[in-house]
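Input: structures, listed below.
What follows is subunit A paired twice: with subunit B in the first complex and subunit C in the second.
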Partner chain A sequence: MNDKLHISRLFALSSDNRKYSFSVPLKNKIRIGKRDYTVQLKSDDKYGTYILWKNRRYPLEVVRSRQNKYEILFNDISYIFTVETPFSLQRMKVINTRKGKPGLASVKAPMPGKLLDVLVREGAPILRGEPLVILEAMKMQNEIQSPVNGTILKIHARPNTNVMKDDVLVEIKAD
Partner chain B sequence: MKIRKILIANRGEIAVRIMKTAKKMKILTVAVRTAAEPDAMYLSFADEIYDNTDDNSEIPVFLDIEKIIAIALKTGADALHPGYGFLAENAYFAQKCLDNKIIFIGPSPDAIYKMGNKTIARKLAIQNGIPLAMGSEGNIGDEEEALTVAEKIGYPVIIKAASGGGGRGMRIVRDPSEMIKMFPIARREAEKAFKDPSVFIEKYIENPKHIEFQILGDKKGNIIHLGERECSIQRKHQKLLEEAPSCALDNALRKKMGNMAVRIARAVKYYSAGTVEFLLDSDKNFYFMEMNTRIQVEHPVTELVTGIDLIEKQIRIAGGESLNLKQEDIRIKGWAIECRINAEDVQSGFAPSPGRIEKMSMPDYPCVRVDTGVREGSVIVANYDSMIAKLIISGKDRKEAITRCKMALDKVWIKGAKTTLPFFRLLVRNQNFQNGNFTTAFIEKDLDQYYYNSEYEEMLAAWLATKLFIEENLQSNSINVDFSDGKEMSPWLLNKRINQF
Partner chain C sequence: MDLSGKSYKAYLERREALKKQYSPKQAEKQHKKGKLTAHERINRLFDPGTFEEIDTFVTPADQPVEFGKVERTFGDGVIVGHGKVNGRLVFAYAQDFTIMGGSLGVVHSRKIAKIQEMALKMGSPIIGIMDSGGARIQDGVASLSGYASIFHNIIQSSGIIPQISVIMGPAAGGAVYSPALTDFVFMVNHTSYMFVTGPNVVREVLNEDVTFEDLGGAEIHAIKSGVAHMIYDDEENTILALKKFLSYLPSNNVENPPFVPEDGTVQDVCEKLRDIVPDDPNKAYDVKDVIQLVVDRNSFFETAELFAPNLVTGLARLKGRTIGIVANQPKVLAGVLDIDSSTKGARFIRFCDAFNIPILTFEDVPGFLPGAEQEHRGIIRHGAKLLFAYSEATVPKITIILRKAYGGAFIVMNSKNLGGDFSFAWPTAEIAVMGPEGAVAILYRKELAESKNPAELKKELVKKYRDKIANPFIADELGYIDEVIDPAVTRKKILSALNALSNKWVKVPNRKHGNMPL
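Right, the complex of A and B next:
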């Protein structure tokens, strides 16, 4: 990268838009209030890779990374961050104000499983909370409900087929 | 008859659990190796392994009645323990064992059949004066009948599959239009899941507690109960955390419900270990739900507060021994809590999260018992359930048990799959849970988030992401690995990268 010499600060943006700012070069000390606490990235045979912070070990895994996007499993919880330079952060702000497609709701499979039943027809009106499909995952039958009032635009779900997590099941035009 | 050799017709933690007790009793065990998990931990606890890895049948061997019987006969096992799930509550299977002179470690086929059929079980309860939620007298044939019955009982009602159990084949219906929509679906689901489309209708008790009683009986007609378990912390009828005893019961109610539980067990001449499930409403009215004719996942909490090894009792009773316990011998001492650590993603609605367990270590304290069938290197396969381990904590009272639970949860170390740990970390910190103020609707209604993370955890993860970014993009001496196609980073690679620092 050409501009690497100029970067003195990086921002990690969480998926719900919390911003963490770090100076570059990155220190292994984080200031909380008036005190600095040491962060240590460690690895051994018993625990694998972990972070040591305030005398406690936290398990971590880098689940995947793609360009500047990182999915990190930290103490059994997933976090997704994009790491931005001051310039890219500015660019992102501009793009974000143009995004968004109102009035269309895509209902996705919350988990992988088997579709037992599709309870709606295309073109039919639907109310928020009404069941759309029945999805069986592990031993459980899950009723997937409409998140909005509207009209069924398109049904991608077919009974007795398997779906992956995040597959679009039904598209709804919201009122 | 003295049992000498037991075939374990199960896998995972319950197979390990049974074999531990068998070993203590100097009884030999046979376990079945399957192609789905040929290196499973439970195999190392068996005296003998039957290799079934060349079986390429689609149904798991543990569900294959003919095959399991054949294995028992071939290996010379004189008894069989079914564990829970699979064939544990299959009356035909229990009868088949008896026909082949194999002792079935469980109740009689007759008791399994009667309690397994919800319509018969309901009739038995009515005949014996056990309180029931109002409901249809038998199975419901069509929508019209369903509407009439529901009108009589009053909405909301619940449609249940006559052959169902464990939350399967249940639908809550709140008004007639929903009934017209849901009734045919419920029948179809029941047909698909249990090969029996019969359904019945019951009054739906809103926000009850789930309280169940542990029963022990012998073949001579002695039946006692070992107190209750509190199992209200559940999601979609799947239990997540269980306790013994329950803070919702006082001694008088415990005695009353316990007597009812024994009475219904007596109605089917019950022997072995079994569980009578009740719903308890906010006015402390209780209603019989069903009887489970097997050892339950949550049996350890009862063991910890009574000091009785339930598997040992099951084996002795199956061998014809007397119970040697009277109701007044049972003393409930202290408190026990069980957390089911499953490979599930609490951030995606408890979706299954199968994977290979890379690292695993469990807290080693006298107050912590861990029942598991998983160790480092084990793979949580999609074929079976998602359980990794049961963390069972005891204390002198509920408060101490919860405090210890909180501590133990922070010491559990599992890498390789997402688990329900963050959910329990949240639960033990929840005020309503701590005060015993919760019902079966707790998770859906009282929680707006299903996991706990301490204040700084996200910040530390952000620090790590930034560190990785710097290494990949801003440092000239970093290893050039192309992540742009989004492929996963292997642990050894990550290690290598970290060690460079």
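Right, the complex of A and C next:
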């Protein structure tokens, strides 16, 4: 009954479901393709956190972290990923096989207001948390975000029109 | 003792029998569902080797009437005991789905009640890990009264020791009220469900087809109903988050929360804070950016993140001491107060007050959400809960007004005369009875109607109102706030205010309890 936790390998799962494994504690070598590269993760007062590679600094910022979910900004590109243990990865596979067909998600207006801008186009891929439209309500511009990863199926929202609560703004085909 | 004697042999045999009870096959069955076994959960929660199980060998009660089969197992489907979590004493019970579906029999319920009473007596937090099919039908009314005694114990301990429920499987019928009564509910996505009546009954009675997931899955309870406060994608991370969460809480209502030294990387004066609130009052920003720059590095733990996100609540640390944070979120619904955000805030404030956690409020609120839907659903009595909770709380209460502080919402959000201890405002603050557009429309209705160019006149009047009235300086000069501060020194001001409040003592009137507008 004593299952002590000795985890030496963890996995980073990116938002587009790519898997990268790394060892704990972190080593300075990373493997890309068949070659090993030496990189260093450093932080100081002057530059904040950065990765040192071939004597060049690449700035890194953790934008958001929630338990095992992270959003980082690296070289001005944002990456969303989760960190998984072997068991949680296995669980994820179990859950995924049980999931039904990808569903439709319709994004509705949370309150009455005026649409100022539509930021997406039909057919474009979208990640959870990315902004879809700007809705002005209570004299404030609100970003309405995508609730799922998927593809934009249909846009009902038109800029400079008024919407009522629960009007469908965007339909998304979830992955 | 004679090691080859009868009694020692019997002791060994019993332990052997217990081991056999937990076969790898059953564990495999749980793993295939994406779940851990009760023992694995306990082992992940407690520091290695510290968990002491009690009542391991109890057996199920005899059935009053022979109906259905009861497995004669040790423990009756629940593990109870105590151990150390991050070095602090914590009590726990974990229902074991592999034994009769974790159903709650008489003995099972007695074990839970026993550990609850111990936790209360010792003044330590109690964690309930739930994975149960519900009341054991074979035990009849006895199992129902078992539930009742568990509920009663939770209510007796409420506000004395932190009580946390972790749902890691089904919780249906009466069983759902046990987590609902506790302080916080953790759920696991896709494998845990909570509902009063299951999909089958819903189909029979209402002819409504609904899946387990849509009726009472973790996401539904985290986003819509507000029953679940924290949800995670798997059990390991749920337990890790729970352990982190416990590190913010005191063991009971007479102790202070544990001190966790900060890493010293957050500066008391931070100029970045000046750049967050946009000059255009119609532009939103993320209030969590403000929180992150004020509290100790990475110490903010948000509670009920997905429910009513227009009000942010959570625990954090300031110079190593736990603090409760309530903040309007301009990014969502302009940060208005509505029914859900009011009840969310009220419950959180009452939790902080019960466990000696000072409350820090960041205010940027355009008002209460107008409209028939909210009025008819009772925004008046729900908004009153938030008001009641703020005013009733006797822990140190500090408010920072970031931008909008209009009307009733200004009063509710811990205003000075409601009992707030310190009230600071950033120069961007707008404190007034209502926003410029609304005020101008009322005060200059006649002039606007008669004007040849009403739009131009309105614009002019709005500008005048904003300059002359909707600013923090009038309130400052009249003493309704304590000070207008440079955003950069926010953390420094809060720290000195907390320091001044460290011996705050309020005499509470002698009464049974107030009558909160529930």
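Brief remarks on what is shown
FYI, the second predicted complex is superposed on the first by the 89 of 175 C-alpha atoms of A that agree within 3 Å, B and C clash if a C-alpha of one lies under 4 Å from a C-alpha of the other, contacts with A are read in each partner's own complex, and residues count from 1 in each chain.
In the analysis below, contacts are C-beta pairs under 8 Å (C-beta built on N, C-alpha and C of every residue); 3 or more make two chains touch, one makes a residue touch a chain.
Just so it is clear, the structure is predicted and the values come from calculations on it, not from any experiment.
In the overlay built on the shared chain, the residue A:91 is in contact with subunit C alone; subunit B does not reach it. Legend: residue contacts after superposition of the two complexes on their common chain; A:29 is shown touching neither subunit B nor subunit C. By the touch criterion stated above, A:41 is placed in contact with subunit B alone, subunit C being left untouched. When both complexes are overlaid on chain A, the residue A:165 reaches subunit B and subunit C alike.
When both complexes are overlaid on chain A, the residue A:65 reaches subunit B and subunit C alike. Between subunit B and subunit C, the partner in contact with more residues of subunit A is B. Once the two complexes are overlaid on the shared chain, A:111 sits against subunit B and subunit C alike. Residue contacts after overlaying the shared chain place A:141 against subunit B and subunit C alike.
In the superposed pair of complexes, A:9 makes contact with neither subunit B nor subunit C. In the superposition on chain A, the residues of subunit A contacting both subunit B and subunit C are 1, 4, 65-68, 110-112, 137-142, 165.
Across the complex, subunit A meets subunit B through its residues 1, 4, 7, 10, 12, 14, 18, 20, 22, 24-26, 30, 32, 39, 41, 43, 46-49, 51, 53, 56-68, 70, 72-79, 81, 83, 110-112, 116-117, 119, 134, 137-142, 165.
Interface of subunit C with subunit A (complex): residues 22, 31-34, 36, 39-40, 43-44, 48, 189-191, 232-237, 240-241, 281-284, 298, 302, 305, 330-336, 366-367, 369, 371, 373, 435, 437. Touching subunit C in their complex are the following residues of subunit A: 1-5, 65-68, 82, 85, 87-88, 90-92, 94-95, 98, 110-112, 136-143, 165.
Within the complex formed with subunit A, the residues of subunit B that make contact are 166-169, 181, 185, 188-189, 192, 236-238, 345, 347-352, 358-359, 361, 385-386, 410, 413-415, 418-419, 421-422, 451, 453, 456-470, 472-474, 483-489, 491, 494-495, 498-499, 501.
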